[in-house]
Structure formats: structure tokens, C-alpha cells
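Below, each structure is written out as C-alpha cells.
Note that subunit A is present in both complexes that follow, paired respectively with subunit B and with subunit C.
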Partner chain A sequence: MNPLIPLFVVIPLAGAFLIMILGRFIGELNKYFASLILLVLVILSIYSLATTGENLSLYKVGGWEPVNKIPIGIYMVMDGFTVIVLCIINVIGFLSAFYSISYIKRYTAENYFYALFCLMVAGMNGVVLSGDLFNIFVFLEISVISSYALVAFGVEKNELEASFKYQVLGGLASFLILYGIGFIYWKTKTLNIADIKEVFNAGYDKSYYLFVQILMLSGFGLKAAIIPFHAWLPDAHSSAPSPISAMLSGVLIKAVGIYVIIRLFFNMFAVSEGMSVLITTLGTLSMVIGVFLAIGQWDIKRLLAYHSISQMGYVVMSVGIGMILVSRGARPEIASLAIAGGIFHLINHAAFKGLLFLNAGAIEYTIGTRDLKEMGGLAKSMPATSATSFIASMSISGIPPFNGFFSKLIIIIAAIMAKFYLLALLAVIVSIVTLASFLKFQRYAFFNKTDNKNENHIKEVPFPMVFSMVVLSILCVLLSLLAFPEIREAVLTPAIDILMDPGKYSSQITGI
Partner chain B sequence: MIVYWLCFILFLVGLYGVITRRNLVKIAISLSIMEFSTFLFFALVGYIDGGVAPIVDPADPVKVYVDPLPQALVLTAIVIGLATTSMLMAVIIRLYRKYGTFDIREIKNLRG
Partner chain C sequence: MKGMTLIVKKTTQLIAGMVFMYGIYIIVHGHLTPGGGFAGGVVIAGSFILLILAFGSDFLNLVKEESGSTLYENLAILVVLFLAVSGLLFGTRVFFLNWFPKGTVGQLVSAGMLPLYNIFVGIEVAASILTIFLALIIFKEEISE
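Then we have the complex of A and B:
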């Protein structure tokens, strides 16, 4: 029993309600309260990252002990992969909440904003910590319902339309997931991920198993916006307030989409070649199509949202290559390299895409438009925004000293070593197109000359916004340290081990 | 077996409504139909023919009980469904105030 685990859900959940109650009495201090809550969570998650390592710790909700080694209560599990995603959620969450202190002044009802924000973080922490399928569904709904409300927070035409689209597709995804859970429960009579694995190991009907896998993949694929399911993402992510866009793009699609797909397909289902080829294909499609949809965009946040689809494609493709190799049982060292590349890119994407959305928010905050054609010459008047967005742009396009370069390099090397030459070539091409698209962003937003009359009024954004952007840009540089073998072994290897070893996760949970 | 197929047909009815209806409220209703087909399926998973409510009676040990867990899950899912539906309806009301129509063909600011 690890007493820290429930705190990740309890603190933001209690915080959400406290903000609503205390908000009436403490007035101005209220807006620092959400940042404070998230700062506590950041400290807890970094402490967990430092202490977890190879261990796997459990929390049994309500103290229900297993009977005959069959788990009956709800389990919350923390392992090497969970802590990485927890760190992403809470660090980006803290920086976005701190950024909101200045940004959210444009809206009314700040209390509701921070309460929903904390609720969303609580839901995502719950999804990644949960070791129980139905519990994953419940926490997923908590986080997506608050994100529906947050997308519509501006209550203007575009926001409401985007939120409606997001809700219809999100609802569809939830029903598919619920059906999947129902079918799994029908055959296995258990909801614990580790226990389901054990039951499926004893034998299963092949076509039934495939059907359940497809249901789960399409449900969580819709949440993760992998390409045939991507229609809601550009609208929702571009219409939300900027700190929320940073949370949605940087964290939500990873925590409730990619993380759950990786967790279920490695640790619950036995990895099969057909499924892993399907996942790799979907990943490659999103990588290629996403970037070509992005290149024609003139709205900054829409451009960034399409790039999210493309960058998530890298992650899914890389993990998919790892799955193909695991299912063939050949060359585990290359499989672990591919999965390492995928997880590394997942971490990096949170940093640079979060930063880019915060930059877009800073531009919108200052000049009040998101259209690239109406900007220009901002580099002189907004030095901090300009410098940080340059770092983020170079990072996402994979230019050497920054983190994006190293993760893309690992992915491409893994693809070449696994003899998927076409995928490696596509990854390079997509990276070049990404660079082109971000050079356009840099040129039109910051360097182009403009005939803007009120140029003298444009000045740098307030301190909280600058602080968040600078911290994220420092992270963009520092995260490239993960490419070094010693640090990689300390952080990424435990996550890869738990995913690669088919029986480790389930035997450790049912064995405790 | 036929009852499972009926449940699946109910799901398809909802899906058909979401795809073909043009009225926002009708889309919300279709989503609710899909939702309830899911709940019905869960209740069917737990149902055992001839089973009774799972209240264990020591005097009569040979009873067949239905599985109580899916019912607990459905209750949770219904509460979640209530939250999503009310959220959706709130957004629909706001949309109506902004656009003055429920017709989805006229609500198309976001393109590309």
C-alpha cells in the first residue's frame, strides 16, 4: 500500500470544491489557490518519479484485500510508466494554471474556470493511476466533461460549436469504450486489468478477442484523435482558452488516449501482430495527413492543433513498431528502443506543444487576433514570447540542440534498425514539412514587417505568462538530457520494462 | 440471443439519428438512445435466467443469483450519462441563443 497514490486524485478533487466555496470569501487570493494545489502535485509527482524506479506500488481502495489471489476491490497502480505521465500532467497543469492568473482576466467567472481546471487534472491523474477498467472510464468521463465545459468557456459562437462537436464525438467514444468494457466483463467476470490478463492467458475465443480490441482501439483512438477519428480536435483545441488548449493538446489526448491505448495493448491484451500492424498504420497515417492538413492553416491555434495530430502520430507509430517486434518475439533491444523513442517523444511533445499554445495565447492576449496574416514584427516588442516560441518551433521541427531532435532521431533509428525503411523516410519528410510550417509561423508572426498603426502599444505580456513560457522553454532544452544513456536508464527504462515484459505487470499485481 | 441483437439494433438506431438528424436536440436524443442501449447491454450481461436478487439466505443455499456488479456499474454510468446529457443540453441552449436556430447546417463557423 502506497499512501501517496490516492493523494493525486484527492487533492485536486477537494481543491476544485474548495475553490468554489472559498472563492466567495478570499477574493483576489483565489486565483493563486489553483496554482498552489498544482504545485503540491508537481512536488508529489517528482518525488514519486524519483522513488518509484523499477518498483510497482499498489493502493487498494477501501482496503479490500484479494480473495484467493483474485482482486475484488478497485486497485490503483503506480509503476514506471505511470509516474512519467503523472509528471507530465502535473507540471504542464501547474504552468498552465499559473499562466491563467493573468490570461483569464478576459473572461468572467474565474472561480468556475479554476474549479473545472482542478477537476480535469483530478480526472487525468485518476485515469493514469487506475488499475481497473471501469474506474478508468469513470475518471475519463470526469476529465472530459470538465474539458467540454472548458472548451465552451468563452461562450461565443465558435467555442460553443466546437464544444458541441467535441461532445457528440466524445460521447460516441465513451459508448464504444463502455461496450468494450461490457464485452470484456462478460467473458472474464472481472474488471481488474491484471486479472483480465490472467484470465485471457488461460484461453479465449479469437474473433471475440479481436472484436473487443477493435472496440477499445476505436474508443480510445477517438479520445486520442488518431487520424480517422480526428475531426473534433482542431476545432476544440483552437477554440478553448489558450492555457486549456495547452492542457488539451499537451496532456489530455495523451493521458486519456495514448496512455490508455499503450497500457491496455501491452499489459492487458496479448500483443498480436495484426493489431500492432493496424496501430502502426494508424500512427503513420496521422503523422503524414496531420502535417499536410496543418500546412495550409493561417489561424495559429488551428495550425498547432493539426500539428498535435501529426506529432501524436510519431508516438503511435513508434510504439506500434515496438509492438510488431514484440509480437514477432525477435530483437527485443530494437523493440525497447522504439518504445523508448515513443515515450520520449510523448514527454517532449507535452513540453513544446504546451509552450507553443501558451505563446499563441500571449500573442492573442496582446494583439487580439489569431490570424497570421494580421500579425508581424512582434519580435521587437515581445522579446520573451518571440524567443521562447523560437525554441519551441525549433524543438517541434527537430533541430539539434533541442529535445524534439533526439526523440525523432531515436524513432528514426529504431525504424531503420527494424527494417521499416518507408516509415523512417516518412518520419524524415514529415519532420521537414513541420519545419517549413513553423518557419512560416515564425516569419509571419514575429519577423514580417507590418503596417500595424498601434505598434507602439504592443508590449510584453505580464509576469505569470512570461514565467510559464520561460520555464517550459528551459524544459525543452533540459529534456534533451534524457537522450543520454544514464538518465534514460533511470527514467525511461522502468517504463519500457513494464511494457515489454508480458507477464510482469499482471503477476506483480496479483502476486502482492 | 435475440435480446442482444435488439440491444445492438437500438445502438444502431441511435447512431443513425446522430448521423442523419439536422436538429441539435434530436442529435442529443439520439445520443441518449445509444447511451441507453449500452446500459441495457450491461444489465443483460449480469442477467442469469431464473436468477434472483443477490441477497444471500443461509436457509436456502441452492438459489441462483444474478450478477450484481453490472447493475452497480450501470448506476454509475447513468449518473455520468446525466452529467454529459445536461452539459450537452446547456451548450445547445447557448447555441440557440447565439444562432437563433437548431439547424446544424446553419451552424458552421468552423471550417478546414
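Then we have the complex of A and C:
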């Protein structure tokens, strides 16, 4: 058993409560504490990424061994796909926490902020590592409830309204998920994902199975803000403090939404053609509608939030194409290419969308507005913000040599090879519209001349903010290396293998 | 916040102690009978809430009590986490391992670490429910000022 696995949950959880206690005594130093905790997690997750490879490591919490090969305890599982998402969570988490050191001075109650931040990270790490349906739900609630509080952190009218909307829809999602878990438990008498797969393999009632699948898809779809379930996202992501927006858009919707959907629909449910066509359709809809909702926005963070819906659409569509091909059992090499494109875009989106939200935060920090019409000419006074946001904008619009180009290229190639010509065309069009809306962002925020009266005393943001933005922009360039075969083999292939082979995940867990 | 009449105060004084004891009973028998840390913690918090409702309290006292209960809450959850991590240090070195001697089934001191978990979860739940209650009152008082 790999002793590192529980540490991913224990360290941030203990950190959250230590911050609350230490905050009474050490005062100022407290704000570096959260960054320190997350730095440790970054090191752990990168170490895990380097060592996991093709292996699947299992952790039986409390040392409960299976009885007659039926797992009875809580299992934590770490495989190729898990470590990728763990790396995303902890790297973006560390950079956001470091960015907050200067940014969060505007708010009172910094201790609560860092404590909730660590709780959110603990919950997301738990969701990703859990091999058990009910623990996914518990950790999901930990991370989502702390995110409700963080969205409302400004306690102004807008923030409270957004948080309320988020809570209502999030509560609905949790209800659907718990209902689905209840139905699964009723039929299978087990909660372990691998064991559920084995029990369902032995035979099941078709309509019951479909009902459970729909419940799970709509529940986690609400968390992931796929298009018919997206109403809460633009409000919640634009009202939160900027480092939290970066966490929500860059990480939370992936870890508790997309990750769980991919994990459940590949590794728990049998891949069926009907479900995979539904998932692809939803993905395509979010990709197209999200971008057209985004282009008319003048509030930068709202614009970015709508783009999150659209970019997540790429991921879901691409993985859905992979699922369709897997369900037909034909041409596995194209299916693996499509899934690779989806996961690659998932990683890239975390980097550039995190960066864009941090940029938006930097602009808001200096000039105090989020309205594009009131900005202009910031390129001279804020060179670092301007340069990094240019990299991020080009990257999200798919301009070479940045990372977004390569992942979109892989997605489009996979769609063409799988003979989904319409989807490939839509992906190209959406990419062009994205470019248009980010050119608008660049022009109005950084290059447009305005009659800005206080242009002279606009300064570049403090060091911690610049540091986080520069690191993320370097990541935006470096992640395009994942397109090269050697690096892709090492990082993406283990994740794709575990998803592609329907029985591999469950047989490895129940077999150990 | 104002207190209530003498009759209510006297009755509450008589009852609150018993409610408190009952909560402790539920917690320490958590591994033997239905109930446990959560149920008992709620009952204990109930006894405090009864007293506050009956006797009333001024604003400053409430704030002090709230910061105290927050501290207890944080400490209790850290102890639970420490007990869980202690499994990594002893025995077969597994997170959440029950490495204490198990004792005889049915006795009060048995089941290894379970009573300890119950006690600290009880403190945690009692403190957090009290904190929520106090936070709501403080919020109401702040509005009325």
C-alpha cells in the first residue's frame, strides 16, 4: 500500500484547522502557512506523477481486507488518470494561495479564507482519490460547501445572490447524486466502484440501469456546468474573489464534475452507445452555446466564466467521441486519440483559465472595476499582467505554439478520423469565435486608449501576484510539450489505458 | 438578549444538568448502543442552548463564548485527525487503523479506539452546533443594534 495516498487528504485538512488555531497566535505569518501546505502537496503530487506510471496503487483505509474477494472497507485508488488531476488541483491551488497573499488583503477574516481554501483542496483531493461512491459524495460536499462560503466571501449583494443560486443548484445536484447512489446501493449492495462494476456485469435490469445513469449524469453534470445545467456558473465564478474563481473554473468543475463523469462512465457503468451519444451531444452543445453566450459579455470575469463552459464542452465532446468508438468496439487507436485530446485539453484549460482569472483579479486589484468599457491602455502600466494575459488568451484561442493549439488540434484530428465531420467543423468555428472574443478582451483592456484620468498612478501588482501569473504562463508554453510522443507516453497514456480497457480498473482492484 | 421568567429559569437549571449527563451517556456508550458521537454531541449542545435561551446573555459574553466554542471545535477535529494518523505510526501502519487492544465485547472499555473517536466527535459536534447557534444570535443582535 502506498503510504502517500491518505496524506493528500490529511495534510490540507489538518492545515485548515491549524490555520484557525494558529491564526490567533502568529498573526501575520499565517498567510504564508496555506501556501506552504499546498507547496508540500505540489511536491507530493509531482512525485506521484513521476512514480505511478502504469501501476494502480490501492489503499485500504483502516486495514480492512476484502472478505471472499468482496471489498468491505473504504478504498482509495491512485492510477494514471488520478495523478494527472491531483497535479492540476495542487499546482493551481498552490499558485492561487500564493497569489492570495497580496490579493486577499482587501477582505477581512483572512484566516477563514485560508481555512476554507485548504478544506476545498482537501475535498477535491478526496474526490479524486476515492474508490468508493459514497466517499466521492462526502468529499464532494466538503469541497462544494466550502466553495459556497468562498463565493460569498465578499458579502456584498451580488456575491450573496450568486452564492445562493449556487447553493440551490448545488443542493439539487447533491440530491440527484445521493439519490443515484441510493439506487445503486439498493440493487448491488455495495458502494465500491470496482465491485459495482462486477455486480452489474453479472446481469441487470436495463431500464433501472439507464435511470441510474441519467441521475448520475445530471447530478455531476450540474457540478460540471455542462450546458442545460450551467445557470449557476457565470454568477458564481464571476462573484468570487479572483483566486477562488481561478480555483473554481480551473479545478473544481473538473475535479468534482468532469473527472467523476469520466471515471464513472468508463470504469463503473458499461460503456453503451446511447449514453455516449448523449454525452457527446451535451458536450457539443456546451461548446457551441457557451462561446456565443460569452462573446457579448462586457464583464471580464463573466466572459471568462462563459468560456469555461465552452472549453469544458471540448473536453466532454472529445471524451464522448472516444466513448462512442469504445462502445462500437472499432478502431481503438482513434478512440484513444480522442480521449487523449480530451484529457490534454483538461490539463491545458486548468493552466490558461487559472491564469486568465488571476489576470482579471490583477486588473480588478489595480483599477477596481471588471467592466471592459472602463479599462484601456493598461499594457504600458502593467507589463507583466499584459504579457501573461496575452499568452493565456492566445493559448485559449488555439494559436500555436501555445498549449491550447495542440490539444484542440488533437481533438479535431480525432473527430475527423472518427468521421464526425460536423463536430470537427464546429470545434474549428468555436475556436475562431473564442479568438474573436479574446481579441476584444485584449484590445479593450490593454491596448485601447481611453480618457483614463488616473492613468499615471496605475502600478504593476505586487510580487506574489506577478509570480503566480508568470509561473502559469510558463506552464502554458511548457504544457505543449505533452503533444510530443515520448512525454505523452509517460503522462497521458497510463490515464488513457485505464479508461479504455473496460475491465482493467475493476479487475485490478478486486483482484489485489 | 433577555432571560425568561423565574419558573423557566428554575426548571431549566434542574433539567440542563440531566440533559448534559444524558448526552455524555450516549457518547460513551456509542460503541455498545445506538447513538454515538454525533447524537450525543447534539444533546450536549442542546443543554447549553437551553441555558442560554432561559437566562439570556449580553452581547459581549456571546462573542466570547463563540470564540471559545470555535477553538474547542478546531482542537477536537485535530485530535480526531491525530488519532486517525496515529494508525500510520503503530501496528501495520495503516491510516485509521484501530491499533488499541480490543477488550471484551460488551464492556464499556472495549472496541479499541472507537470510544475515543466517539468522545472527540462528540466534542466537535457539540462545539460546532453551539457555534452555529451563537453565530445566529450574534447576527440577530448586530442587526437590531
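Some notes on this structure:
The rule is simple: the second predicted complex is superposed on the first by the 512 of 512 C-alpha atoms of A that agree within 3 Å, B and C clash if a C-alpha of one lies under 4 Å from a C-alpha of the other, contacts with A are read in each partner's own complex, and residues count from 1 in each chain.
Definition applied: contacts are C-beta pairs under 8 Å (C-beta built on N, C-alpha and C of every residue); 3 or more make two chains touch, one makes a residue touch a chain.
Predicted model, so just to flag it, every value in this text is computed and none were measured.
Looking at the shared chain after the overlay, A:Leu13 reaches subunit C, while subunit B stays out of its contact range.
By the touch criterion defined above, A:Met1 lies against subunit C but remains apart from subunit B after alignment on the C-alpha atoms of chain A. Of the two partner chains placed around the shared chain by superposition, subunit B is the only one that A:Tyr148 touches, whereas subunit C remains out of contact. Within the superposed three-chain model, A:Tyr32 lies out of touch with both subunit B and subunit C [touch as defined at top].
Applying the stated contact rule after C-alpha superposition, one finds that A:Gly62 touches subunit C and leaves subunit B untouched. Of the two partner chains placed by superposition, only subunit B is touched by A:Asn158; subunit C is not. The partner that reaches more residues of subunit A, of the two candidates subunit B and subunit C, is B. In the superposition on chain A, A:Tyr204 makes contact with neither subunit B nor subunit C.
No residue of subunit A lies in contact with both subunit B in one complex and subunit C in the other. Residues of subunit B that touch subunit A in their complex: 11, 18, 24, 27, 31, 34-35, 38, 41-42, 45, 67, 69-70, 73, 76-77, 80, 83-84, 87-88, 91-92, 94-95, 98-99, 107-110, 112.
Listing the residues of subunit C that touch subunit A in their complex gives 70-71, 74-75, 77-78, 81, 84-85, 87-88, 91-98.
By the touch criterion stated above, subunit A contacts subunit C in their complex at residues 1, 3, 6, 10, 13-14, 17-18, 20-21, 24, 59-63. Within the complex formed with subunit B, the residues of subunit A that make contact are 134, 137-138, 141, 145, 148-149, 152, 155-158, 160-165, 167-168, 171-172, 174-175, 178-179, 181-182, 185-186, 189, 191, 234-235, 239, 296-297, 302.
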